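Look at the two complexes coming up: subunit A is in both, with subunit B in one and subunit C in the other.
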Partner chain A sequence: MEIVVITIVSGLVLGALYALMASGLSLIWTALGVFNYSHGPLMAFGAVVTWTVIEKLGFSLLPAAVIGIVAAALIGAIVERFLVRSFYGNRDLLLLSCMTTLTSMIIIEKGIQIIWGSRLKLLPRIIGGEINVFGAVISAHEGLIIIISPLILLFLWRFMASTQTGRSMRAVGQNQEMAHLIGINVPKTYLLVFAISTGLAGLSGVLLGGIRFVLPTMGAEPLLKAMTVIIFGGLGSLGATTGAAFILGMLEAILVQFVGMYWTPSILFLLLIVVLIFRPTGLFGSK
Partner chain B sequence: MSYLLDVKDIVAGYGAVTILRGVSIHLDKKESIGLFGPNGHGKTTLLHAISGLIKPRQGHVYFNEVDLSSVKPYKIVKMGLVHSPQGNTLFSAMGVGEILELSAFTKRAKENKTRNFEKVYTLFPRLAERKKQLAKTLSGGERQMLSIAAALMCSPEVLMLDEPTLGLSPLLKEEVCNAIAGIKATGIPLLIVEQDVGFLLSLVDRLYLIEQGEVVREMDKSNKLAHREIMDIYFGKVE
Partner chain C sequence: MNLKLNKKSITILIISILAVLVPIVVKDSYIRHLFIVSYIYGIVVVSWDISLGFCGILNFAHMAFFGIGVYGCGILVKTFNVDPAIAILLSGIIAAVAAAILSAPIIRLKGIYVILVTFSFGQLLLQLVYSQVNITGGALGMVKIPNLEIAGYSFIKDYKFGYYYISLLFLAISILFVEVLGKSPFGKSLKAIRDNEDYAVSRGVSLAKQRFLSLIASSIFTGVAGGFYAVYFRVASPEVFSFNPMTLAMSMILIGGVGTVWGPVMAAIGITFANEVLAGIKGLEEVRFIFVAVLMLMVMKFSPGGLYSLVGKIPIKKISNLFRGKEVNG
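Right after this comes the complex of A and B.
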């Protein structure tokens, strides 16, 4: 019994983190048709900036986290402006932007290493202590992640569905020309999409930094998972991405528990391939 | 005396291809004009150049005496020059009501939103019935109506319509034509690209015939001779 609860809870934590990461990636994908590889290192960037503000400036976690998230969003905006924007309208946009965002991934990752060194850092947890969930003991921080992530996604979903800014962010992905013609500033909207998306990366980094060490490469594995999540769920919709994130998180927790850490990633990818063979548009994809 | 919209010697195209070879047209205050001519001779390109989607290589577009050469498309919409593009190019995964709501995007359009919603739903009662429906599930005619309605939600001072009746059944076409006449009646000057010269003649004050990227004839509708000339061009000479 206890092992079932532990597995479920750990699956929920993973699912919540993947959902945050993947929703950001998926936002950029739906608006621009671009995969942003700098999403991973920007998780680490958000975390190290938060760490520095706490350690060097003596801020408490919450304001420091806000600064860390804004810093990640700022770098995201810079990536859009200087590494992606010049390729809009090019029919090889996907390939070109893959190359440039991969470049930015390496630069940010190495930059963090040079500036912050490789000393292991850990961020303080939002709340300390532990909680007991039906016999499974987890840190209160992890419990909070399970609650915060769906709330943020719900907020994001409402924002995209019912504000003019959110609508315009969906509109530019569906029909760029028409977006221009109803008065939307399309480049500015793309910039905003990048900033919000990478802000979410920063937030994921801050949350993850309370459980795992803050390293330049801390985002690499979650990035890979987030990519799996959006392909698995079916590219494009926030709901599909969130659903897929929790399914994948749960699967991973079960596999780690019963098969072991070593083979889990391989099995997950094999499962992804099987799903794609039978549903090439992903689990919840429409066409 | 300056025109409301003044297009002077526009040379434009896509990539290495030149499509417009020095086109000049104008729209006076309180008049409507029509463009017609064979397909692929530059009418749509001209609208794209006016609304800033492509930048002309030479020539100028003046709107209310402002040179639009280096003005971004969204700012041109803000100034009140609105272009409803050809075909059913909409936000396919959005609902009808949502698209109209989004189209009231500029500050000016927001201020007039309630009034424009009323206007749009009066002109196109079908859209009022389909507020919740996704754009991709609409019929061709309904999408065309939605496209015009979205342009109206932008609160245009001048409205450019690109082949609004293209591919519609006779019944739907009549409905759309009536709605366009209704828009004109509310005092919005129109610039219409249309193949149906009969419809154009009933609606606009002047016509331009565009061929090979040039204005080959300008016709004043009130001029009987010109009227005859248009008929001859389109239906052959009757001796």
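Right after this comes the complex of A and C.
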């Protein structure tokens, strides 16, 4: 019985993290049709900026986290403005934007390594201590991730559904020309989408920084997982991505528990291939 | 193929003669080593062009096939005591088999899903290499892979003289293959799929079959290059699956020009040398990655067809006519 609870709880933690990361990627994809590789290193960037503000300026975690998230969003906006914008409307947009964001990933990753070095850093946890969930003991920080992530996603969903800005983002994703015609500032909206998405990356980095070491490459493995989530669930809607994230988190927790760390990635990949063979646009994909 | 003595074939002839003469002029084994490395990258990028450039498959698994060649050769030589010369050729087949397996999902997918699957395929292999320590050596990789020896001649002798010509031969074969393929009906059908998928399909081109074949053709050469890499460097390290070699090779294609044959080859040579020069300067070891990345961004922004697309635009005729004092016509 206890093992079941432990598996479920660790699956929830994983799912919450994946949902947060994948929803950012999915947001950009839905609006722009661009896959943003700099999402991974921007997680590290958000975390490392937060760390610096705490260590060097003596801020407490929350204001520092806000600064870190804004910094990640700012870099995201720069990536959109200078590396992605010139390719809109190009028939090779997908390949070109993949390459430019991939190079920006290298630049950010190496930049972090040059500026901050590779000394191991750990962010303070939002709340210390441990909590007991029906017999499974996890850190309170991880417990908080399980709660924060769905709240943020809920907030994001409401934002996209009912605010003027959120709706214009969806409009631009559905039909750029029409959106332009009814007076939506398309370039500004794209910039905003990128900033919000990469801000989410920064937030995931800050949350992850309390559990794992803050390294330039700390975002690489989560990025891969977020990619898997996206393939699995299909791109297109926030709900699909979130659902897929939690399913995948659960699956991973179960596999790690019963098959072991080593074979889990391979089995997940095989499963992914099987899903794709029968549903080429993912489980809940629409296009 | 009809051999007309046009400008292009003369240039190619001159380049080939120069390439053959390099080891006679260059005695330094380090410079020769750089040539060999750039030729390996040359094979990788030229063969990548078949699937990415001709067929338009967003194949990000090409370096993974290279890595499969590296590890396939390493395992054949170290675990099964296969002769390195045979192992190099077999690694091409191993990579092709891997490509055939991966193509099962890829040929039916579209756009971003192809990128995501091929990309995660490479990362999966990386994790497999890390976890199967007994076979692959884990994070340390496989070391002391035996040298290439044919008929009693060890290729490490004479300042890498033999290795130079082997790599040049492989590069020449792959360039020739891709050139011939590009002009063949098969190559044309690949380009048709890339340029207008619906129209190509309606004219009877089998989308799945051509994509499958282009992936196989593309992976064989990079697999052989990987096998050669393993024997030449005498190591197989998990780094081949990481982001850096992939983006480096990708930047060669994009800087050289997607879909062209000679652009990426020239870019491979140029970037390999530039990269090494920068690596030698103290304090620039990490910055050089940023340097290549920025260079690629500049080329993509200002000359999206790659640097090769500029070749035709340089008005050579006008300049030479100017020197001869002739009237410039057209």
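Just so we're on the same page, the second predicted complex is superposed on the first by the 286 of 287 C-alpha atoms of A that agree within 3 Å, B and C clash if a C-alpha of one lies under 4 Å from a C-alpha of the other, contacts with A are read in each partner's own complex, and residues count from 1 in each chain.
In this section, contacts are C-beta pairs under 8 Å (C-beta built on N, C-alpha and C of every residue); 3 or more make two chains touch, one makes a residue touch a chain.
Everything numeric here is computed off the predicted structure, so don't read it as measured data.
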Looking at the superposed three-chain arrangement on subunit A, would you call subunit B and subunit C a clash or a fit?
fit
Is A:32 touching anything from subunit B or subunit C once the two structures are fitted on A? First, second, both or neither.
neither
Which partner, once the models are overlaid, touches more of subunit A's residues, subunit C or subunit B?
C
Looking at the overlay, does A:181 come into contact with subunit B only (first), subunit C only (second), both, or neither?
first
Using C-alpha centres in the superposed arrangement, which angle lies between subunit B and subunit C as seen from subunit A, in steps of 10 degrees?
90
On the A-aligned overlay, A:276 touches which partner chain: subunit B = first, subunit C = second, or both, or neither?
second
Should A:192 be classified as contacting the first partner (subunit B), the second (subunit C), both, or neither?
neither
Should A:170 be classified as contacting the first partner (subunit B), the second (subunit C), both, or neither?
first
Just subunit B (first), just subunit C (second), both, or neither: which does A:44 touch?
neither
Overlay on shared chain A, then closest C-alpha pair between subunit B and subunit C (Å)
16
How about subunit C: which of its residues touch subunit A in the complex?
58, 104-105, 108-113, 115-117, 119-121, 123-124, 127-128, 131-132, 243-244, 247, 250-251, 254, 258, 286-287, 289-290, 293-294, 296-297, 300-301, 304
Touching subunit C in the complex: which residues of subunit A?
29, 35, 83, 86, 90, 94-96, 98-100, 102-107, 110-111, 113-114, 220, 224, 227-228, 230-231, 235, 261-263, 265-266, 269, 272-273, 276-277, 280-282
For a test of understanding, state which residues of subunit B touch subunit A in their complex under the given definition.
51-53, 72-74, 77-78, 82-85, 89-94, 98, 101-103, 105-106, 109, 150-151, 153-154
Across the complex, what residues on subunit A touch subunit B?
164, 167-168, 170-171, 174-175, 177-178, 180-186
